[in-house]
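You will see two complexes here that share chain A, one where it goes with chain B and one where it goes with chain C.
On to the complex of A and B.
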């Protein structure tokens, strides 16, 4: 594929968006380490964190090969406004039901995105996508199992899951905020666009939520939480970045 | 006159790499794990080796690169380069038959061969590595390392881990 400078800039923005989502939600998942409601959940959230952060690293490596900073600087030294993650990923972990529902929505979108990207014309990204979708399958197994189980277990678990869904849904729609460069990326066969992804996602989550006895808000009530892809974030991102990069900033040249 | 070295063969290299084990599962070699995807020998015995990660978030990647480098330098190589790329994507079907036996020796249920699509049902009744029973249950798809899931055998009442199938 031969790409011009304008497309190069678009592709970088696109890569930042995918990897930043993974890094930030990965970090949030890691905040469950030591706090999980049962040991297996502690391990599950920590493992999912390790996968997602590891995956973001290899995308940052592609960015580095395109002239951006090294992955550590990208991850730990950027300002909040330079991040392109969606609002969904930024929220504090809250209660277990919120974190679970967030992962459920995110995992499906992430898995479908990489399924689409497996045939992207951007070869290094397509290679990663082919690998990542197999790994994310396990994240989906995890969140699907719990959403289905807790959705129907008893009244309290059902009420909590429904309330978590209601709180999370508009944030989840924010994942699919379309970028100005969407047409350009479609043109060069890098990515088919967020609306295609959102439709696939909606179909997939609907069938599982149905089995879980949980209800999706009516379309007329949808208010997607947009802004993240343009660098406009919730109040939660900055303090999180502050903490995440604290040790790195003590000595950016240290060898670990 | 400088003595001409005999060229190192690919077979010699792979044989040497049989000694390099997965740092997290010391019974299986990197070759049997299926992660050595390319071996290249140039005229002056400069050796390039390509590895592919089992899991993208595997913390042992750098350690494995170093172990491979050290092992190859024991051969009469003029230099060695080891890189990890995703050009070939690893999946559990790439583990050799010998590798599957090595996993079992470590007490792990080996991953079953798959046709490219791994479903949750694959994990429901994994064969117990101790008593071979399929009357087992999945406890969690995540275990002590990224590549393992947790199971329980309802016949021999033993908890066990599986090296989980990945497509």
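On to the complex of A and C.
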């Protein structure tokens, strides 16, 4: 496939969007390390957080090969407005029910996005999607198992999970904010678009939430939290980036 | 009582008169024994224990606790309570086992009879030849 300059810019934006989501949610989830509800879950959740950051690194490396900065600069030295992550990923970790629910919504979107990307015309992206298939499958097993367990365990756990779902749902819809370049990407067969993804996602999460005894808000109450893909973020992103890049900024040229 | 895991201390469990914490049934998870298989077809080897509320969660926990740093083909989890074990008090039932070398293949002296048979029937001892070749290589 031959790519012109305009398409190249669109593809880069698209890659930033995916990788920034992974980096930010990965960093957020890593904030549970040492605080997880039980030791085994602490290990599992931290490991999943590391996986996400690892996936973002891989995409930043692809971006670097397309002429962007090195991954460390991309991750630690950009301003909040240059990030393309969705609002869902930016929120503080809150209680464990929120973090689990956020991860549940995110993992399903990620898994389906990668499934679509596995047949993308952009070869490095198709390879990447295939490479992380198993990793993401485990992330989904993790969130589905917990959501189903806590949705039906007892009254307290059910109430907490339902309330976490209600708080998180519109944020989750923000993942699927369509970009101006969607048509261009569809045309060169890189990606079929966010609305296709959202439909697949809705179908998948509905069947799990049904098993968990949890209810999705009615469509009339859907107010997607858009803006993240255009660099308009919640108040939570900047302090988080500040903290995440703190050590890096002490000596950006340090060899690790 | 101070626990090693700070998470348990943070739970601030109510105590009874003896100062012993009262643990609600839902807070008391069972333990599961984890068995790890490196390659398909090989045996599953016991590698440790995880705490979990049910077998599915035990598998989730086992995957990261015991599978994240080694090659893995398959994991088993078994409720610890499902294991029936011998009693350490009865360990003496195994005491004379090391003496029973006749139960080991290496204790059978039959090579002289095999060689005699081979000589009588003109069969070459391939194993012997391989051994000699190996010795030459080592020298």
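Keep this in mind: the second predicted complex is superposed on the first by the 256 of 256 C-alpha atoms of A that agree within 3 Å, B and C clash if a C-alpha of one lies under 4 Å from a C-alpha of the other, contacts with A are read in each partner's own complex, and residues count from 1 in each chain.
By our rule, a contact is a pair of C-beta atoms (placed from the backbone, for glycine too) under 8 Å apart; a residue touches a chain by one contact, two chains touch by 3 or more.
Remember, it's a predicted structure, so these values are computed and weren't measured experimentally.
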Simultaneous placement of chain C and chain B on chain A, clash or fit: clash
Touched partner set for A:43, first chain B, second chain C, both or neither: both
Looking at A:154 after the superposition, I want to know if it touches chain B, chain C, both of them or none. Which is it: first, second, both, neither? second
Mind working out whether A:142 is in touch with chain B, chain C, both or neither, as first, second, both or neither? both
Please name the chain, chain B or chain C, that touches the greater number of residues in chain A. B
Clash list for chain C against chain B, restricted to 3-11, 21-29 or 39-47, contains only 39-47
Considering only the contact definition stated at the top, list the common interface residues of chain A for chain B and chain C. 40, 43-44, 47-48, 138, 141-142, 145
Chain C residues touching chain A in their complex are 5, 7, 26, 29, 50-54, 56-57, 60-61, 63-65, 68
Mind pulling up the chain A residues that touch chain C in the complex? 36-44, 47-48, 138, 141-142, 145-146, 149, 153-154
Which stretch or stretches of chain B touch chain A in the complex? 53, 55-59, 85-87, 89-91, 118, 120, 123, 139-144, 146, 150, 164, 166-167
Touching residues on chain A, where the partner in the complex is chain B: 40, 43-44, 46-48, 50-55, 57-58, 124, 127-128, 130-132, 134-135, 137-138, 141-142, 144-145
